[in-house]
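Here it is, the structure in full.
Order as written gives the chain letters A, B, C, D, E and F; numbering starts at 1 within each chain.
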Amino acid sequence: MKYIDEFRDGAIAKKIQARLHAEAQPGRLYSFMEFCGGHTHAISRYGIGELLPHNVRMIHGPGCPVCVLPIGRIDLAIQLALERGAIVCTYGDTMRVPASGGLSLVRAKARGGDIRMVYSGADALEIARREPGREVVFFAIGFETTTPPTALTIRTAQQEGLKNFSVLCCHVLTPSAITHILESPEVREFGTVPIDGFVGPAHVSIVIGSAPYEHFAEEYRKPVVIAGFEPLDVMQAVLMLVRQVNEGRAEVENEFTRAVNRDGNLHAQALVSQVFELRSSFEWRGLGEVPYSALKIRSAFAEFDAERRFGLGYQPVPDNKACECGAILRGVKKPTDCKIFGTVCTPENPVGSCMVSSEGACAAHYSYGRFKDIAVRVEVAA
Amino acid sequence: MKYIDEFRDGAIAKKIQARLHAEAQPGRLYSFMEFCGGHTHAISRYGIGELLPHNVRMIHGPGCPVCVLPIGRIDLAIQLALERGAIVCTYGDTMRVPASGGLSLVRAKARGGDIRMVYSGADALEIARREPGREVVFFAIGFETTTPPTALTIRTAQQEGLKNFSVLCCHVLTPSAITHILESPEVREFGTVPIDGFVGPAHVSIVIGSAPYEHFAEEYRKPVVIAGFEPLDVMQAVLMLVRQVNEGRAEVENEFTRAVNRDGNLHAQALVSQVFELRSSFEWRGLGEVPYSALKIRSAFAEFDAERRFGLGYQPVPDNKACECGAILRGVKKPTDCKIFGTVCTPENPVGSCMVSSEGACAAHYSYGRFKDIAVRVEVAA
Amino acid sequence: MKKDYIRPLDIRHGRVDMGHGAGGRAAAQLIEELFLAAFDNEYLRQGDDGAALAIPVGARLVMATDGHVVSPLFFAGGDVGSLSVHGTINDVAMCGAVPLYLAASFILEEGFPLADLKRIVDSMAAASRAAGVPVVTGDTKVVEKGKGDGVFISTTGVGVVAAGVHISGANARPGDAVLLSGTIGEHGVAVLSKRESLDFETTVASDSVALHGLVAAMLAASDGVRVLRDPTRGGLATTLNEIARQSNVGMLLEEAAIPVLPQVEAACELLGLDPLYVANEGKLVAICAPDAAEAVLAAMRAHPLGANAVRIGSVTEDPHRFVQMETSFGGRRVVDWLSGEQLPRIC
Amino acid sequence: MKKDYIRPLDIRHGRVDMGHGAGGRAAAQLIEELFLAAFDNEYLRQGDDGAALAIPVGARLVMATDGHVVSPLFFAGGDVGSLSVHGTINDVAMCGAVPLYLAASFILEEGFPLADLKRIVDSMAAASRAAGVPVVTGDTKVVEKGKGDGVFISTTGVGVVAAGVHISGANARPGDAVLLSGTIGEHGVAVLSKRESLDFETTVASDSVALHGLVAAMLAASDGVRVLRDPTRGGLATTLNEIARQSNVGMLLEEAAIPVLPQVEAACELLGLDPLYVANEGKLVAICAPDAAEAVLAAMRAHPLGANAVRIGSVTEDPHRFVQMETSFGGRRVVDWLSGEQLPRIC
Amino acid sequence: MCLAIPTQLIELRPGALGLVELGGIRKEISVALVPDAVVGDYVIVHVGHAIGRIDPEEAQRTLAMFGTLAQLAATHEAALP
Amino acid sequence: MCLAIPTQLIELRPGALGLVELGGIRKEISVALVPDAVVGDYVIVHVGHAIGRIDPEEAQRTLAMFGTLAQLAATHEAALP
């Protein structure tokens, strides 16, 4: 697969690994946050942690759209399916995210809710066309990557004059989340989360470009390296971050130049601002209410806004008390710091959202990383 | 079972049989039409034919509500289910009646029509209450016995203000059918169907009383004996008919006095005329268009009339060419006179409606009577 | 997988979800905590794709399978679980075999309450233990909500036939006696009484039971048993027609001899059904050589499941293979196959 | 019943109706004209409630059952019919047994086209003949429209194990070689590619095939085969975890050794799936004594169904029973059980 | 036609409903069409509705008539073919 | 987050649709968000929509940089722990 396989080459990984070991200064501790779940996933799946020098530590960030979805938002989708009789279309990722009352979309479906997994918002539109007698709601989640397709879906629905289609918009914004983390007391005041730099978003940046990160680099004096999601991209980005730290720089660098430029996809940005506008505040799981961190549907498209169409009122719901997702999403804790990790909370019965998506820090550690600190003995055949 | 078992006593049957043999005059041929399918069924199921003298011949009449239902009426019900998305509720009996295009209600259900068998119109009402978002149509068939419950259903729907319930009314009238037969050329002119008397309806008469038959007895000089559906009732009625013929009488006699009086159920009659009025004409399978032979829903209840509610237009459809149902229903032919009886037309794949209900002449003969003329040899054990 | 690594199944409030059928850890947990716990036996504990079984040396094998799709799932006298054990044991027994092992394939509908599933599986396990025929291997699939109906259970049984036993529906001969092990129609009436819109109150319970003990007693009493069959779907009438067709014979029954409980008769009157066509799950028809009839009947009556056994007729020579009946009323009629589905009638 | 007494089934335009499952004449006709015609063999022709079967004297019996509920019913490389034959034959074969007979239980949805049913049954019959394992007994039930999903087929197989063969998932020992018979993920990708809303064009066909021939060749080549298992639902990852758990061992795999077709890899990339968790229906995992690995691998490669066989890793001693993998990239990770259902992801 | 069964009314219930018994089974039906029916009556049930009542005396009379026939027949029995 | 894959656009279709190929499989997607894409381009597909394009020269540059690293690394290899 062109532009994929080349970036998974284990031989080159060894070379980058060698450079990293050569350049990371022994007396120094490097802590980098990979904002995106995509990077978290690559680190776990390819075993990148093993390849990094011991003094380079990766901190998982909140960049997993599923992980940051608060209970109250899932509750709204379930309410539409179970109480309002709507067909709720959603990406596979959201199906198992815990909601109130022990429910999740998959469990609501088992209770008779008409909840359908779609691959694309266009599929939800198609369902609405085919079943004109039913209300069809697209439960739309995601960062800037996923927002333009949703915008397109809404604009198409309007152009076609669909009368039974709406979107429950849960699109959130990356820069606001990064700012929120940088502004958090753990980072600013206590220094309990020492962040020396960020591995910046890959696919989000295709859409928004690299410019929006320049602010952090300057304002908070943090190096940012935008990197692709392939394992060599990640290793290279870490190397570039180590170099910035070593050299005392705090710049936005772009490792992912093959897909990201400074301005991003202007066409997609225009479409997004045609359909959406900023929400004054939005609850993130783990981060709480974050001002201007999400989008809502503009009033010109009000009839396609499920919140207005069904008169939905948002009801925040506290996470499970034992769950440390919040602290993990802010980089304050590790999955194994959670008392119920791997016992009460497992991928089969996730208590927190970080155990749901394979990009979630807890799920990634559970599925890929549990072997650590356990010796493996192989008696190889003669 | 009180009032049932006593009327199935084989020992008494033998006594009545003896009287019949004693009183039926050898030189004479007695042809009696049992109007009702209930009597047809009893004759076949209990093997009453075997017990009658050879010169007493029973002619099956058209008194099976399923058998007289024309194709076009079933088509309407199917159209409501398949094209209008209605829930069509119906008695089990109508499920397999042949319709156009090789369909039947059971086959329309298999093609996705929401067709539900009910035991009573009240069950259809209950479905309408439970599924207010769906149109629920009760496909109502039957003679005067079944009409009052339908009337009650419609009145209840109106009292409750149900907005999604209607009735596809196919209720027909017994006296009109009898008149039609007596007026037919085969009976009046050619004498090809020599009817010496009628076994009159049992349960219909509970509702309408015995008075309506007095007209035939007088006008057409035909004896009528109203009889219950138990086998002893039938035998006794035949005996009473033989006596009337022997004595040259043509009266209405009532063998079923335990349930039928001269006036019938006045309460039920009042309800029926509150809800229904005469149709100027109605197609019967086998008999064709028969004037004033059926009921329609009065305009005071128009919103509960599926024909008006859905703007249905009746489209008569000719029966299968090979099918002799019409002649059989008029008493002109016997099932075995039909070329496709038991080969192309079987209870599994009925071509005509007489092969559907176990009261249909063809089905009754197929299921119960086929052994006739075939010797049975049993080598009983030592 | 360490036990303490996952939360136990929430049998009280949980429901079947698609994950339980996906073959992963959730499926393994369902099997371990629900199925294995209920059926527990050495074969199932092997935990392989199939079970390795011991069978008597040199035996002839019999194999029978049946899908169980009853609605409602629970009824007086049983449920789909016990039924799935009895039904297949009986089919094996009707071949004259001693049933030894059962395999069970479950098709669950997404959203089905685990508590109901456990009730069904426990009932199945109890039936299997009572019959002495273990469930040795199984499979579980989950279908999406609206693509199933709670629980379907297909069971397959194997058993062995003793030397000298030759039972088949093809063995009836003119003159043979037709025996029936008891009253008919209870299973069908018990199930119908629970159907929505037909619902009526009755104390009739399904006769669902494993008949292999009765069969063993009959075979021990005489070598004249030629045909055994359990009149399930389609009822006694259809079973006799099947045998008549298979053996190329006719039959002549005596209506008065066929035992029917008063409540069954009443329910059939009310719904316009004929008890001859109503399903049984704990009765058998036996066709015996004429001179064996008395001994077989005596053996049946001596067994608790055959206490009401009767002779209901004889096999006839008949190229038309008609099953005929002398009615109690004194007439004669054909007793035909069930045609289509038996639906309640109004006329 | 004389043939000419009823119209033949209208296979071209007809559909399954409730009557076909009611056990009466319509059911008998469906069985005769569709099932018997396709499967035709001496056992099925017995026409009894079960089949009486011949088995080798003194053999140990193996019994396995599987429900088949695939959606869509038809896919590149097979359909639910052939799958139901292969799946159960393979489960019997994975016990080290020679599969001899199959039983089939059909649960049909009202309204299902008879033409499609015939296509499925014919494909099943062809698979059964090709494998030399006849369908000897069966059952058909019909459920109401909306309470099934076209056709569900539960098959049960019996087979016999040769003396000296002892295969079980519990037999793996540290140091054993883990062998895989070929590329993984084709079945799952072929089926997914036909799912509405996922649909993509691919030439990947299901690998569905009966593996008993390959197993026979392997067992003939060496007595060092300890575990056999077909990585179906849950994929290779889950199957290896099952074995690790059953044998109380760990495993260490080499990602680079595991063969995956480029199209399968591409489809997984697109949908966010991992080929290790995608279903196979014609592959097997074998765990062998270290000194038997070469001989077994050679025997596999000499067989057409094992041409791409490889050694993918080793069994380890591990109280945590982790299946681990050296990634092609050079790292190491756990290969966990499938958790829940494998859903396409966007993130 | 018109399957209808005599059953005994054993309980009147609100909403013109009644519980009937037949051979040990019980079913709730509508008695709206026979408003005069009282507990103990035998009502004739069709499609879940009582449509009429059995007159016990008339039933007795009919059975007696059968009995009379039986006597009559006894004197003629030899005449049977 | 945001699973997205570079695929080659092999056909443009009416309605801003395109057929893409990846390792031998093909899928129809929307190209409405990359209106300038032409057949032959590698587009990055997310939830059924192309959201961007691969710049082949930049990709080459990145790979070349890895290559440079490799050379650099060769001189340091012994330094690995």
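Keep this in mind: a contact is a pair of C-beta atoms (placed from the backbone, for glycine too) under 8 Å apart; a residue touches a chain by one contact, two chains touch by 3 or more.
All values reported here derive from a predicted model rather than from experimental measurement.
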Co-neighbours of chain F and chain B - touch as defined: D
Separate pieces, if any, that appear once chain D is removed in thought: one piece
Shortest chain-hopping distance from chain D out to chain F: 1
Per Cα centroids, the chain farthest from chain D: E
Farthest-lying chain, centroid of Cα atoms versus that of chain F: E
Comparison of B-D and A-D (more C-beta pairs in contact): A-D
Shared interface numbering between chain D and chain C [over half = same, under half = different]: same
CA centroid of chain B to CA centroid of chain C, Å: 37
Centre-to-centre distance between chain D and chain C (centres being mean Cα positions), rounded to whole Å: 29
Centre-to-centre distance between chain C and chain A (centres being mean Cα positions), rounded to whole Å: 55
Interface hub residues of chain E, defined as touching at least two other chains: 1-3, 5, 22-23, 46-47
Chain B, residues touching no fewer than two other chains: 1, 4, 14, 17, 37-38, 64-65, 91, 106, 119-120, 123, 142, 146, 346-348, 359
Sites on chain C at which at least two other chains make contact: 17-19, 25-26, 262, 265-266, 269, 336, 339-341, 345-347
Chain-to-chain touches, reported pairwise for every pair that qualifies: A-C, A-D, A-F, B-C, B-D, B-E, C-D, C-E, D-F
Chain B residues touching chain E - in the complex, by the definition given at the top: 1-4, 6, 9, 12, 14-19, 21-22, 36-38, 53, 63-65, 91, 119-123, 142-143, 145-146, 148-149, 152, 201-204, 206-207, 232, 236, 239, 255, 257-260, 265, 267-268, 271, 359
Of all residues in chain B, those that touch chain C in their complex: 1, 4, 8, 10, 13-14, 17, 37-38, 44-51, 64-66, 91-93, 95-96, 106, 117-120, 123, 126, 142, 146, 231, 346-348, 357-359, 366-371, 374, 376-382
Interface residues, chain B side, partner chain D - complex: 102, 106-107, 109-112, 342-344, 346-349
Footprint of chain B on chain D - complex, ascending: 4-7, 13, 15-19, 25-26, 29, 110-111, 145
Footprint of chain C on chain D - complex, ascending: 1, 17-19, 21-28, 46-55, 57-58, 60-69, 71, 90-92, 94-95, 97, 101, 103-107, 136-141, 143-144, 146-149, 152, 154, 156-159, 161, 167-170, 229-230, 232-234, 238, 241-242, 245-246, 277, 279, 321, 336-342
